[in-house]
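These notes open a run of structures that come right after.
Shared between the two complexes below is chain A, which has chain B as its partner in the first and chain C in the second.
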Partner chain A sequence: MHLLQRLKKGLHPQKSRSKGHSNYAYTTARVRAMKSKLLPRETYPRLMNMEINQITRFIQEVEYKEDVDELAMTYSGVDLIEHALNRNLAVTFTKILSISEGELNYLISEYLKKYDIWNIKTILRGKYCGASTDEILEAVVSAGRLRYTFLSELAAKPTYEDVIEALSTSEYYSILKEYNGENLSGIENLLDKKYYDDLFQAIGDPKSKDKKLFNKFIRTDIDLKNLVTLFRLKKYGIKDPSMSDLLIEGGLKLKIKEIERMLPLSFEDFLTEIENTPYWEEISDCCSPKMDSLIYVETRLKKLRLKSAESFSHVYPLSIVPIMDYILSKENEVSNLRIIIRGKAVGLSDEEIKNQLVI
Partner chain B sequence: MAVESAAVMDPAGLKAIGAGLAVGLTGIASGIAEKDIGSAAVGAMAENEALFGKGLILTVIPETIVIFGLVVALLIS
Partner chain C sequence: MGAKDVKPTRSELIELKKKIKLSQSGHKLLKMKRDGLILEFFDILNKAKDVRAELDKAYEVANKKIGIANAVDGIITVKSTAFALQNIPQIELESRNIMGVVVPKIESSSVRKSIEERGYGILGTSSYTDEAADAYEKLVEKIIVAAEIETTMKKLLDDIEKTKRRVNALEFKVIPELQESMNFISLRLEEMERENTFRLKKIKG
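Right, the complex of A and B next:
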């Protein structure tokens, strides 16, 4: 097998992206075992009936024990849970990176670069609105390549220029150096586009079926992101064609030209147009021209995302897709827990919290 | 003369080669088959120790291949 692979590499050295032997069997089996430890969906209604202290105790009894124990000295109440959730997310994803090898590790680390971008965005946003270091660190999730110590140093820098200077050796510098203190949203869009470009470059021209599936997975992700952006734009009546900057190219079923065509439409026309897309079936019952809030649609799209990831993961059990499925499910668990605790902290009703949950 | 002696081989020798191939090749085959199952079982066990029993059983299932090889080898020789 290896000999064959080496022979193939020898023939096409420039096309080869494999960096050593990948341990798909080990990683996917371990990740599936990790997935079985995620909170079952029956837990959320129970959590809704608890007070914040009870929720802290509850998550301390499950997978978040270490995180809560470690942070209990510094934080308390909602902040403690928030930090514990972020820390757990970072630890879990770093663990997946450390147990995977070769090409698999490379692809996962490319995927997890979204956290690097998220953290850079968070820090720049924090500097933009003059948030304190602690406030910034509350939203930092060091699950990518940038370590927490480095990120906390960045967050402690006094101005955005210092932050960008500290990132001068990173791959994002070419984009970040254009930041002038005003054009934050433009820089954020460019960072997002770079992320997807890099990811597609890492996948390359997919030859094997599992790579094709991964490609499809990423492109579905882009479709759903574009759809959410479109819904938000249309809902608030923004028809400016320059908003196409917010859209990401490379979607699976919604081509960028089709989406650009929808940009100048009104909300009603947009809904009629979207009926022809394959995603309509999932969201048809919660979409109407008179809808007040987009929460239902966004929750439904997130659910669709999770459902499609799960069904993808069964197609090729020994591929990167089951790992992506786990990453999404874990992110969703953390986001659900955060919705519950933040909702309870600001005194939202159970019904409102329930509407936001993606179960 | 030399050609004739090369053509006629001792059947016991051929049997021994056959038996060796039967065990050797099936051994390699089980090894390849067990490689991924074993590593997957260890991965699952690292997260959940209760899977040890199941993992062990699944790992040794391809062992049947080499057992068949051994049986064939014994039948030949």
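Right, the complex of A and C next:
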């Protein structure tokens, strides 16, 4: 019964969470304490010099001990570390959701909804290719509002129709009902766009300074997302104007009209065009008309995203902003640890690993 | 067939002469086929070497790209994205004939795909995944080409070996034995003729 109530609460967040007293002081204090436990920057070069076994041991000695111990029966080696990192991420974010209240809780849960969307996409993809329940559950990260038990039930459903039926009371149903077993990529894109629409709706008309900052942070995120999407489309030589469906409205410095104008351009012309945008400075040295990889551009933009969140976090200590900064920093810590471990496991050079790290 | 096992008759001699002629022309043709196959083999060997080198390189790149995607996006993300794959590559197997050797001809479709044809949503994925998918598509393409060339090479080698054995058997066993038998019959027939002449002279006397 309790679970059902939690689930219902999760599926209708706007009705239950948008109102009420927010505990900014308490939550930010807890989050600051949690942030102090994140690995400091200087740890990563040290980890780079360690063997995988040493890194596993190091991880066991810090915040991830419980997760490694819990999963050691099921996984081993690099897979164990990766699953432990993801489990820790899920536990941490669930903790933030549980300690926050009122509007703050609503904003955080809207932000973490990306994990719910991710999990729904994973389950639909799994059903599409006929993967087993265990295979699907291995790829699920329950760091959002949808609990692991509910996601397990979804993954165990025999067909995608049953999965969608089980989500019929959720906010995603209006999009999911359009899925016909063939148009998965379109549905995925719509879900991802809905995430940003809902975030804007959650923020509403930002009046307070911290909300304005949060709004700015989300809009910067959209700019970077649109930029990466454009780079990817251009690299594949796609000039179709109908691809404007993939662009997300609401960017801070790149207006949708501006971006749409870049759609029919060739890669060379596109590069010339983005030279006039404020993000060019960050990526100029890894962009050229003959570039064959977008990896460095994407890594640079990720760094920029983290940098912008960090710069906001000190401005309003009792607001959503330091919490967002922590969430991003935690995601980044998990990502950096994974890059080092996986990179070492597949034999990437130290230079290549270093290039991917966002420190 | 031992030379002594044959019946020393004129018809057998005629039959043997025919067989020798046939064997000699067969030997000549098989020798030509063997030489032709060897030439064809060396041509394909060069191609196979190039394809193998390209395949090794493509494998190395694919391994690196999937390594980066696994490291940056996480193996969970890569696995989940892989679930969404649409249009599994189709392979059609046909055959062609090189000097009587039937070799495969592999036609493939839906191997290289554009970003919007892969089945995963563009907004929820990254260029790390794109590049890993690209590298693996290239690898599959190379594997298909290598499979065609290397199977052709193996079949040609088998056939060269077979043809060489046949040429040697004709050259060193069949034709010499037939010639030996022919010589034996000729000598025997001459002998029989001399015996007959002698017998007739004795009757007259």
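By definition in this document, the second predicted complex is superposed on the first by the 339 of 359 C-alpha atoms of A that agree within 3 Å, B and C clash if a C-alpha of one lies under 4 Å from a C-alpha of the other, contacts with A are read in each partner's own complex, and residues count from 1 in each chain.
To be clear about the criterion, contacts are C-beta pairs under 8 Å (C-beta built on N, C-alpha and C of every residue); 3 or more make two chains touch, one makes a residue touch a chain.
All of these numbers come straight from a predicted model, not from anything done at the bench.
With both structures placed on the common chain, the touch criterion links A:T27 to chain B but leaves chain C unconnected.
Looking at the shared chain after the overlay, A:I238 reaches chain C, while chain B stays out of its contact range.
Of the two partner chains placed by the overlay, only chain C lies in contact with A:W118; chain B stays clear of it.
Once the two complexes are laid over each other on the shared chain, residue contacts for A:S36 go to chain B alone; chain C is not touched. In the superposition on chain A, A:K216 contacts neither chain B nor chain C.
Once the two complexes are laid over each other on the shared chain, residue contacts for A:A139 go to chain C alone; chain B is not touched.
With both complexes superposed, C is the one of chain B and chain C in contact with more chain A residues.
Overlaid on A, the two complexes show chain B and chain C touching no common residue of chain A. Against chain A, the residues of chain B that register as touching in their complex are 35-37, 39-44, 46-48, 51. Of all residues in chain A, those touching chain C in their complex are 79, 82-83, 86, 117-118, 121-122, 125-126, 128-129, 131, 135-136, 138-139, 141, 184-189, 191-193, 225, 228-229, 231-233, 235-236, 238, 243, 246, 248, 293-295, 297-299, 335, 338-343, 345-348, 352-353, 356.
Contact residues of chain C toward chain A in the complex are 63-64, 66-68, 70-72, 74-77, 79-81, 83-86, 114-116, 118-124, 126-128, 130-131.
Of all residues in chain A, only 23-30, 32-34, 36-37, 99, 318 touch chain B in the complex they form.
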